[in-house]
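Questions regarding the structure given below will be posed in turn.
Going in written order, the chains are labelled A, B, C, D and E, and every chain counts its residues from 1.
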Amino acid sequence: MQESTFSAVPLVAVLLPWVSLLAILAFPKRAEKLRLWLCFLGSLATFGVVLSMLPGILDGNIYTIKLASVVENLEMRLTVDTLGYYFGLVLTFLWLLATVYSISYIDHKHNRFFAFMALCESFILGCAFSANMFTYFIFYEMMTFGSYPLIIHEETTMARRAGYKYLVYAIAAGTVLFFAIVAHYFWGNGQLGFGRYGVLSLEFASRAALLTVFFTYLAGFGVKAAIMPLHGWVPDAHPAAPSPASALLSGVILKAGAFGIIRVCFNVFGVDLMRELKVYPVVAVLACITIVVASVFALTQDNLKRRLAYSSIGQVSYIILGLAMLAHDGALGGVMHLAHHALMKGCLFLCAGVILVKTGKKNISEMAGIGYQLPITMICFSVCALAMMGTPPSVGFVTKWLLGSGSLEAGLPVYIVVLLASALLNAAYFLPIVYIAFFRWEGDEVEEHGERHHPKLVFGKEADHELVVPVVILAALVIIVGIWSNVPGFPYSLVSKVVNVIFP
Amino acid sequence: MKMGTALNLVLILLLLTTALLAVTARDLLAAVVVFSVYSLIMALMWQRLQAPDLALTEAAVGAGVTTVLFVITIFKTRRREEE
Amino acid sequence: MRLLHNYHYAAAMLLFCLGLHTVIVRRNIIKKLIGLNIMETSVFFFYISLGYLEGGIAPIRTGGADPARMVNPIPQALILTGIVVAVSVTALALSMVILLYRQYGTLDVDRLMREEEPEAGESGKEG
Amino acid sequence: MGAWRHFPIFMITVPLLGAVLLPFLGYVREKWVPYASLLPLGTSALLGVLLIGRIPSGGYLSYHMGGWEPPFGIEIRLDYVGLFLMLVVCGITTLALVYSRRYIEKEVSGGRRTAYYVLYLLMSGAMLGFVATGDIFNLFVFMEILALSSYALVAITGNRNAVRAAFKYILMGAPSSIMVLLAIGFLYSVTGTLNMVDLAGRIAESGFTEVLIVSYILLVVGFGVKAALFPLHMWLPDAHSIAPSPISALLSGLLVEVCAFALVRITLSVFTMRASDLVMGTADAVGVAAAAAVLYGGIMAILQKDLKMMIAYSTVSHIGYIFLGLTAFTAEGLTGAMYHMLDHGLAKACLFLCAGNFIYLKGYRRIEDLKGAWGQMPWTCFAFALASLSVIGIPPTAGFISKWYLILGNVEGGKWLYAAVLLAGSILAAVYCLRVIYYMFFQAGKEGAWEEYWHDAPPAMLLPVWVLSLATLFFGVFSFLIIPSLLKAAAYLL
Amino acid sequence: MKKVAALLFISALAVLLLYVVASMPPMGDPDNPTATHVIPRYLERAEEETHTVNVVTGVILNYRGYDTMGEVTVIFCALAAVLAVLGRERRGVIHGFVDRSEVPASVIVKTMVRFMVPFIILFSVYTILHGETSPGGGFQGGAVIGGSMIIFTTIFGLYESSRRIPLKVRAPLEGAAVMGFFLVGSLGLVGGGNFLTYAWPRVAQGLHPSLVVWLTVLVEVGIGLGGAMVLTSILFAMIREEEEIAPAS
């Protein structure tokens, strides 16, 4: 691996969100606006600091800082390599937008929400910048518990139940993951770090042992990444959480699981060992099942956010599928989809939030004509919905194209069938929303003031700027990133550097 | 059998008997008194084992102080075991 | 045959078991404590027998007594401590018995333990 | 040889002497007793801190009492692990003592307060002596001081439940002490010595295998009762939950640990490697009991309605952790066990003191009553949450580090099942701890159950709680300060 | 059922213990480990090293003095524990149960006791002071004093006996044993040795034997006084009537 240079910047980035926390602690009762905007500034500064590392990362530098070392081999260390940087950039950006959005969206218990938002950002950034599995796990667990208050923020019965389910899943997963790391440490000769081509090998451990490690890792991270039999908490948690939190759940926290799997595949096991162990077909099958079944489930949902949640389950598995192809393009598409999906799904959830705030409507069947009431929001929604289906020129298309190309490269065109099926299903569950929003208002009679009539069309009363601006930015990026993916800092510029090394 | 051994055996037999009596007696006061006798026999036994310091201690503490503590307690609570 | 030779030890063990049996089975608290004391003295007995020397004399060096014939003083020193510990535990246990009888009106351990606890809440405090 | 050579003996005797002198102050100025009692413990803690670095890792400090060399006189033998545990004892006892003043004013009637502090100091000093001694009979003597003072401290409120719990404790504790005494007698009969190091050498050469095995079994049972190892734990839940909270903290956070530590020491440094072939069967049985303890304690804790009862059962479970670390017979497992003694001590003490805060301020004992506690007592609730995370073993608390080493040790020892049990134990811990946290933070309390405004416990009660909970965090993040030396010391012990 | 199980358990334990006994070294054999390992030095050199004729006293106070310090702490602890459970009389307010229940003691008995008690105490003082030369020592003497107080109390009642040894005498002396040990132990440090060193290495040719004996006697007296006072106080605490003990609210 290239020599890493010492730099305190990663630590600064991880600690900056705490500024928001300090702001909240400093004036918990007074100066509400100031406090909230300080939270925003904390988030902005974090993003800025992460962004400032971009030139160095593009030059191939690796920044590292050792926090603590329990014993040799077992240390807390932050390292910003290209892959970690990529995830960090995506998440701080999405976090920034979600913070802005929350300022207007959250209407009670601001302090708790923003405090935990900031904490979560810090922890998950720690995940992204972890240098080894030990550090990753520590931040991952903290993030798990830090995100709990976000999910139950509404404190409705539904939210509590969802939070409970989330905790049950997360704790079980954490335990399995913990076991995986101990086994990894034990059989990996004490090597918990991320190597460029993986650190485990059959020299030190038997096949069965490595398989155990792999599948416990997969199960542990699979809960967060919502691989199909382990996805149970996702469809409950997303609708229950406030919309910015759902956007982050779907856009970032699910990705933390997926990112863990990426790390396991690329940097712990390495592609060669994956081939040798022949684990990838199992993973691929799981991913395919998840993609298709989740989409089918999504079709049946009437609650918008629940439908989006199921969609997320399917989409995150694109990443897993891309990894399981063990091909250059497949990996490229899968890893890039991490950012792509964050943009699209973040936007969609924020749109759902706007709808909820302005009209109080949760279910798709009630949304007739809403496109005229919230034109900007719904246009953005439509853009993202189309992108989800894989319509060019959007990020969704890039993903699908690369995955398709990857499956040809891997010699398994059957994946293309899955991708196409998924695209069709996506169309089947997204297009009706767009259709209802823009083209259906006549048929829906409603009863109001004792008489039945068609709802009046209301034009142009868009939501606050804080709500709309993030939505618009995300929707624009869905297109822009889809077209100019190679702009420095955009997914391709970063991911290709990683993937090109692994698949020369 | 030597004279000393026979005496030892008798003492041990007495010890076992008094201990058994002490734990079976229904009257607690009787039990405590028997226990005091047990302690005295024990002191005697220890004297025979060439431990005069301990014989003295056991006579004073085991047969004396402990017994008195038990007796006080029984006076303050009840004398007979409950059914 | 060693058992017969070590009959002091054997007697101590039997007393120990008798005492333990009393502690476990007897329901009367005072009986339990008598059992406890029997256990203790039996162990002391065992220690002192350990230190005994065939034909030995007490370890007091008066009048040019032969050190080689003296019995072992260590167990005796230990047991002095042991006796003090025993009487201390007994005193504490008995004072608790007095208090328990005053509060529960029984010396029967089963009844004592069966007694319902007052409803939780302020129960931790008195007065 | 500097004066520091004498520090260990002063760490032990100063609290004991303080206990003897305290009644005088009690007659003159009873009000000053709580403050004055801090002095001896503070002195001990200071001396302990000054000893850090004096003991070479892998080595030990040997102090010959009265100047008689070891097999003839009593030796204080302090290795790195021992000093570590002594420091933990000093720290937690001092903090719980700071906490005691207000709590005891409310819970314990006037005449008994001085007795409380006297017993408290005796208990602390005895724990220090217990950890440090290198003589097996001396171990027994200090165990008895410890036991007597803890019996009385459980009963100190004079409340009928308390006296009953204390009596239950005596009925199990006293026979167990006698068993230990008998076991020491057995050992003495075949070795003729009482010094632990000398014993180890003599045991290694001794041919009396049966005697050794039985004496080991008796020691395990005897110390097992004191350490509340699973089938022998019956006294613990009552005693720990009914005692005044600072005492619960001491019992749960220290007493069971030092007893477990004594068993560890006896196993590893008295019955050394050759002999541990002999005792391996017993050790396996201990492993099974410990695994059962982990699960049983966890499940029982989930079923409890009373907060302190829940914490007490959690202790039963965590004692299982410590013993599982020991029976792995690997350096990692032992390190995990030692570190668990530290973090469990800190976290449990913190939890009990938090529970004490609720009792002190509102008289609430049931978990259900804590719904919405956050609104009134945020500081207590946050400290409770932090300590709970350590009990569960969530990073970055110290509980995580010890769990890591415990599981790693069991994996290295090839004991996969026990590793799984440890994991299951932490899931159970998550269930019982998070339920309380959930009630505190996310449930609305009953009407009028809590004040509308923040009104937390007084600072003297919050300070120890927060120091303890932050310490769990500190020792999680800065575990590297201790772990390497512990690993080295553990490897040396094995 | 429970009884049968307990009986089975105890029987098994008895068999196990007897088995152990059968495999132990024979009792009284001069070749036993107990008789050959540490002992010879004590027996041969105790007199010159500890200046006590009674080797047991030498072991208790000198070789294993630290244990004995623990022991006296135990009884101090027992006192504190009993007082914590039962409470202590307040100065000047004492009601003995004997006073109230009118124990019928004849004049003869009273006179006997009045006559005997000083002699018993004299005997115990002898026991304490000659602990290093003859059987007995501090604790035995203390226990005998405690016993004499018991006799006195049963005949004359708590009021009379607590007038003889009032609280203000007992209370300071209860810790005498521990303090005596601590004092002598620290003096050992001053003398350049370790804690509890009687023969001070700093003094040329060692401390004069008679001084060592004086130190030993000092400890013995401490133990005797402390033990006697503790036992008396425990006794008084247990005899006291309940109205006195009821916790103040």
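Observations, loosely collected:
Following the convention adopted for this analysis, contacts are C-beta pairs under 8 Å (C-beta built on N, C-alpha and C of every residue); 3 or more make two chains touch, one makes a residue touch a chain.
Because the structure is predicted, anything quoted here is derived from the model rather than measured.
Among the remaining chains, those touching subunit A as well as subunit E are D. Without subunit D, contacts among the remaining chains split them into A | B, C, E. The greater number of contacting C-beta pairs, out of the two interfaces C-D and B-E, is seen for C-D. Using the average of C-alpha coordinates as each chain's centre, A ends up farthest from subunit B.
Among the chains in view, D has its Cα centre nearest the centre of the complete protein Cα set. The most distant chain from subunit E, with centres taken as the mean of CA atoms, is A.
Each chain gets one centre point, the mean of its Cα atoms, and the points for subunit B and subunit C are 12 Å apart.
Separating the CA-averaged centres of subunit D and subunit E is a span of 30 Å. Subunit B and subunit D have centres, each the mean of its CA atoms, that are 38 Å apart. In whole angstrom, the spacing between the mean C-alpha positions of subunit A and subunit B is 79. The multi-chain contact residues of subunit C, meaning those touching 2 or more other chains, are 8, 14, 16, 20-21, 49-53, 56, 58-60, 74-76, 78, 80-81, 84-85, 87-89, 91-92, 94, 96-99, 126-127. Across the assembly, subunit E contributes residues 17, 20, 23-24, 34-35, 38-39, 42, 54, 56, 64, 67, 70-71, 74, 77-78, 81-82, 85, 135, 139, 234, 238, 247-249 that each touch 2 or more other chains.
Contacts between chains, counted with the stated touch criterion, involve the pairs A-D, B-C, B-E, C-D, C-E, D-E. The touching residues of subunit E, counted against subunit D in their complex, run 16-17, 19-20, 23-25, 32-39, 41-42, 62-67, 69-71, 73-74, 76-78, 80-85, 87-88, 90, 171-172, 174-175, 178-179, 182, 185, 188-189, 193-199, 201, 247-249.
Residue ranges of subunit B in contact with subunit E, taken from their complex: 52-53, 55-57, 60-61, 64-65, 68-69, 72-73, 75-76. The residues of subunit C lying in touch with subunit D in their complex are 16, 20, 23, 29, 32, 36, 39-40, 43, 46-47, 50, 74-75, 78, 81-82, 85, 88-89, 92-93, 96-97, 99-100, 103-104, 109, 112-113, 115, 117-118, 120-127. On the side of subunit D, the complex with subunit C involves touching residues 106-107, 109, 137, 141, 144, 147-148, 151-152, 155, 157-161, 163-164, 166-168, 170-171, 174-175, 177-178, 181-182, 185, 188-189, 194, 242, 305-306, 359, 363-366, 369.
By the touch criterion given at the top, residues 2-3, 6-7, 9-10, 13-14, 17-18, 20-24, 26-30, 34-35, 38-40, 42-44, 46-47, 53-56, 58-60, 64, 67-68, 70-72, 74-75, 77-78, 81-82, 85-86, 133-135, 139, 234, 237-238, 242, 245, 247-249 of subunit E touch subunit C in their complex.
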